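First chain A sits with chain B, and in the next complex the same chain sits with chain C.
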Partner chain A sequence: MSTSPTEQVSGVSGRVDGNGRPPGVGRLALPSRVKLQEYALVGVVLALVVIGAILKPDTFPTADNLRAILTQASVVGVLAIGMTFVIATAGIDLSVGSVVAAAGVAGGLVVDSGAVAFVAAALGFGLGLGLVNGAAIAYGKVVPFVATLAMLAIARGLALLMSDKSPISLLGSDGVRWFGTGEIVGVPVSIVIFAGIAIGGWILLNRARYGRHVVAVGGNREAARIAGVPVRRVVFSVYCLSGLLAGLAAVLLSGRLASASPVAGELLELDAIGAVVIGGTSLAGGRATIVGTFLGVMVFAIMFNLLTQLNLATEWQQIVKGAIILGAVLIQRPERI
Partner chain B sequence: MTNPILEVRGLVKEYPGVRALAGVDFAVRPGEVHCLVGPNGAGTSTLIKCVSGAVEPTEGQILMDGQPVATGDPSRALENGVATIYQERDLVEDLTVAQSIFLGHELRRWGLLDRGRMRRETVEILRRLNHEAISPRMHVRDLRPAGQQVVSIARALSRHVRLLIMDEPSAILDDSEIETMFGVVRRLTAEGVGVIYISHRLDEIRRLGDRVTVLTDGRTVASGLPATTPADQLVEHMVGRKVGQLYPERLRGGGKVVLEVRGVRRLPDVKHASFEVRAGEVLGIGGLVGAGRSELLRAIYGVDGRDAGEVLVDGRPLPPGRPDRSIAAGLGLAPEDRKSQALLLDWNLIKNVTLADVGRFQRGLIRTRAERAAAEEQLRALHTVPDDGSRMARELSGGNQQKVVLARWLLHQCRVLLLDEPTRGVDVATKAQLYRLIADLAARGLGVVMVSSELDELCGFCTRILVMREGELVAEVDGAEATELELLRHAMPDKQEMLASTAVSAIAEGPNAGQEET
Partner chain C sequence: MSFTRQLAAGVAALALIAAACSDDDDGGSADAGSEAEADTGADSSESGETVTIAASVPPTDHGWLGQIAAKAQEAADQWDDVEFRLVEAADADSQASQIQTLINEAPDALVVLPYDGEQLTPVAEQAMEAGIPVINVDRLFASPDAARATILGDNYEIGVNAAEFLAEQLDCEGNVVEIQGIAGISVTTDRTQGFADTIEELCGDGINIVAQQPADFLPDLGLEVMEAILQANDDIDAVYTHDDDMAEGVVAAIENAGREDEMILTGAGGSCAAFDRIEAGGLYAATYLYSPTMAGSAVNMARLIAQGRGFSDLVEPEVPSQIVVPPTEVNQDTVGDLRDLCFE
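Up next is the complex of A and B:
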């Protein structure tokens, strides 16, 4: 804990714990910060729905529109779940947008061998790039920001290189398009997959040793290490997970667009990081919430659906998005100095 | 009798639902060291925050030179010559000594920094403190902890200081460094500065203090006692009843060897260390800060690697640099700094306790109910307050945080506990509790290794004591026969032999006694 020197001399200390803090005072009686943020987000989602229903009563509160929103959200959603694990370790993965493009193109190259080959190639390529990220960060000790920024460029370059700079049509593969247009008991496939990943992510984070280790590494690396947590392996693994889920996002996106484009997925990393952060996961690590991330994804998805219906230009949507993320981070400033 | 510099009358501070201070009276005379003692949570910190203006008292008066002063105004307190030095080192390590001392009130000429004058004044202040060896151009990071503290004190002096408040200044210092700091304090009191000195170490009161005030539950239970008051009387004041022995009965040890350390080396801190730990003993490791004791524990445990040597638990060698394997073999480490190395402060107690062993509750998913039950059982067994597992680690006092760390290793049923300064920053009453816990654990068949800078506690109940000096184990002393003087003599490098005897006899005339190399 650092106190600014000026404060020290004058006796104004930033210390919050220790003898001076009376027992029974503080956050004890309140729900945790994470919980509060989740309640607030539920409120935001509801408010958006109400506003949408009032402004666009014919087109907004409809089953079709809900379906559209969720389908839209599924790509970012899958990425954001992976990003939650990365950020929980106090890391960041800036490369996911590019990895989505590269993984999609990798699948597109083998789509003639069937949808299974497409999926395997996309997942495998995403995992492979994530593995490079993880190795550089966990074992090469490169700062996550730099390593994944480099990968952002590399993966985009690979996507352009492998596709010869032009989109690969997937119209011929019904199997791939099933991920974009198919349904499982009436629910679009991409929504089912997103839901599955979200639930799986929640279980992994909250009810498995692995998740405990992930958050411990972000919360206090040294303490985690002394408690026997295999810190490097954990760090390595979250980038692999993020890469794998980027591959999955590529499958969903290509299925919907029926093409694998080397310029797909631009700025998806912003959407994913933004959703995680407004969800309440701490960028400093040690605090993570899948429910929050899900709600964060939904806030963005509903808001942009609404803004689009209100004919707000995408440039403006971009600015609004950035402003929301900035605002969320400002609110999330650490309570102690 | 001189008039007091500071007088506190009937001070009350209420927080919603809690009375942190419930009537405090005491006075500080010029030139005296007035010690404040009390268990954690007694209100000492709130009290000094009231005096330094950081906190506005609910009731009561603070008088300086007999005049009531405005409360709750740190800048006024500063103008009145009140300066506070906190326990945490809070210097910016990248700054030079002169920059640190004048940080926030830099001297200027024509709008630009007057670096020459700041350096000259720094030299002047350091000479006043008898630490000319510290150059104003040195970087703070290159100073040892005691040197950094001298800089903190110098910073207080760079403003006109009449009342210096020191909150556990010795917590981060070893014995010879403490003597350095005492020298500085004596120098200040000779100039008429009044000092409020807060410490959990009762021996320091005898060595440095003039008078003592005891605080319990926000109330002064004894005000202005002479510093010669026996320690057990002070402790009785603190806990409000007679206490038994501070230290538990010394264990004989003599079980089978559970931990063997053979020729462990980790340069530059650990040059060579070989020893054995038996089940049922508390093995103390003493030495000066910087002797390599913590580094030795870390190398044994595997947080850091080893350059050479072997570590065996129950006769089986441990791979270097693998804490997870050490834990599996039955080692547990309670590191020096609980907050930064042992705990996740924003996690609840349950998760902190089970961190090293959460896999045991996982049958597919973690069974949270079983996890909570097991964690709380350990917390209760150690008399942790609170033992409600859903509380955050941050909310606990230092002594109870230490118990959470111990609970982690007990849950894991470890065989050998490595404790690094287990009672640092813990009040006396809780210390006695921790000693008993540690002894109980050893009596149950654990091997315990305890690194400590407090010679008193090493001599108090350790079965054997090893002394480390400059990276090597230089002596082994039987606990029952050990004296603080003997340990200190082993711990000091030869050229400081004189200093050792001065430090222990606690007279240390003149500030030269504690002169530190910088």
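Up next is the complex of A and C:
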């Protein structure tokens, strides 16, 4: 395993052979398939940009709007990077939206002690809930769908309980607000963090042994075990990572919202899962791509921005959004399956 | 429907508020009421036979709904002749089965804030047929047979009042953005319609509604929707939002973009956070009370109906069948006087 090329999942390698093998078995089959999907998705993103530039020439293709789109993408984006690792192991994390709310409220409770306390509490609480998910799934042998569905309810309940059902104002904390509105050399902080997490995730998945383990566990758990992969520990860790990143997403969202709301993040899990799957990571596990996930997140973010800018009626927004998702998945299907 | 509402509204609403507030701030008028009532019969605040009242409400995870539960409980706690129980339901289906369970327990009256008025009409009718009077709060049932009495705010009127306020503030000229609640429910469509009709009537083409998007009463969605709208429109004079909680997110988006001096904003509901901002002046110019105290009033109505009595401030021996609470405007001039009515 350690002697083979490491680009097996990133789509960076130039190999084009082996299309059509079952996922996770022939690793040489992966580059072309994943790469094809990434190219197709770049096409979708470009198409959306061109449509936006034609329909809204004054307000869509501007640097300011690009910043707005990337800032909005950062919350779902951070979640989607974590979700990519979870789905790569053939798992799912339905709890991230609720964990965002709970982690934000946990931070809000200690915000009077400063922004560092807020961030530590949010990250710690997110990690803690992820740890419970991971333990239930890896060691308790609960199916991921069920374990994280339970956590979806528990985390939302905790958020409501801890906040006494009303939002906690963060207006007084400039430190927390910096994460939502501050800039680092002219680039919004949330974009810098999103970029950092995306690059870090790419390296972890494609250049580290950990990434190979994650994909191996998702591809064929028994084979991975025989090959010496610490399967349980890997499964446990991806849910911890997802929880930790949900805590980070809570920091980014709270900073922009200037409050920690117990009803924040509703249905965020679906956007995150949607972005990962559109990106080309297989729900069956064994195939994962961070570049694809990033592009999937951008499809959602650009679509939301454009549809809102066009002020399309809600009913049409829903139909157009569904059609774009379906179209994006259809055009990236390889010719032979 | 609005004809009936208006008929019932005028007299009944004021009388009810006087009766409902008899325990606190509005002491003056309540006292006057009790005295006047001494001529006509029993005082409705005197203890009567002990009655059991059950209340069923949607999940109280939204600021306003949380207060609905709190106000109902508060109202029940002030009476020693009321045994009260409140249950929350996650969705329309589970609320229907909860109400069925409650029917079997045969309370003397049932207070229902339906998740969705249409969907819960049949089960409310069952309760009425079983001899349990139903008091319908906020979201109207589809059939008049489904409730003995109804108390609700006037969503259409919120839109009308907000339109009148903004028309005056903008001198009927400018660009307005509307951030709506959950698409497709009557609360949202009424608030939208009242606003659109009145803006059209007062200003014709003078005011353009340049963007109209739902944000589901959620602050984080309000933030995201407003961020995109700000990108698309570089000249916005006012924002009409359907809810104070959601408006918090809209305000954050406007302030993050540094455009708070460009426009004014109105909310709806009456949260204390909105009151604070209105008092401070600037962007947040007004909100319209859609007071959760109506749940407290509903419990008081339920008590009197179950005891077979009427309001002591009304001549009629029975509780009226419909009460519409007017959406009082809270602006910088009135916020001080109305402070007690805000909810956390």
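Methods note: the second predicted complex is superposed on the first by the 281 of 337 C-alpha atoms of A that agree within 3 Å, B and C clash if a C-alpha of one lies under 4 Å from a C-alpha of the other, contacts with A are read in each partner's own complex, and residues count from 1 in each chain.
Criterion: a residue touches a chain if its C-beta (ideal position, glycine included) is under 8 Å from a C-beta of that chain, and two chains touch if they have at least 3 such contacts.
Keep in mind that what you see is a predicted model, and the values were worked out from it rather than measured.
Of the two partners, chain B and chain C, it is B that touches more residues of chain A.
Of the two partner chains placed by the overlay, neither chain B nor chain C lies in contact with A:323. In the superposed model, A:219 lies in contact with chain B only, and not with chain C. Of the two partner chains placed around the shared chain by superposition, chain C is the only one that A:261 touches, whereas chain B remains out of contact. By the touch criterion defined above, A:169 reaches chain C but does not reach chain B.
In the superposition on chain A, contact of A:253 is made with chain C only, not with chain B.
By the touch criterion defined above, A:184 reaches neither chain B nor chain C. Touched by chain B in one complex and by chain C in the other is not one residue of chain A. Considering their complex, residues 56, 59-60, 62, 64-65, 68, 71-72, 156, 160, 165-167, 169, 180-181, 253, 256-259, 261-266, 304-305, 308-311, 314-315 of chain A touch chain C.
For chain C in complex with chain A, the touching residues are 60-63, 66, 183-184, 210-214, 218-220, 223-225, 227-234, 245, 248-249, 252-253, 255-256, 273, 344.
Listed in rising order, the residues of chain A touching chain B in the complex are 1-6, 8-13, 15, 17-28, 203, 207-209, 212-213, 216, 219-220, 222-230, 286-287. Residue ranges of chain B in contact with chain A, taken from their complex: 15-20, 40-46, 48-49, 51-55, 74-75, 77-78, 82-86, 88, 90-92, 100, 103-104, 152, 155-156, 159, 165, 301, 303, 323-324, 326-328, 333, 335, 340-347, 351, 355-356, 358-359, 362, 365-366, 368, 391-392, 394-395, 397, 408.
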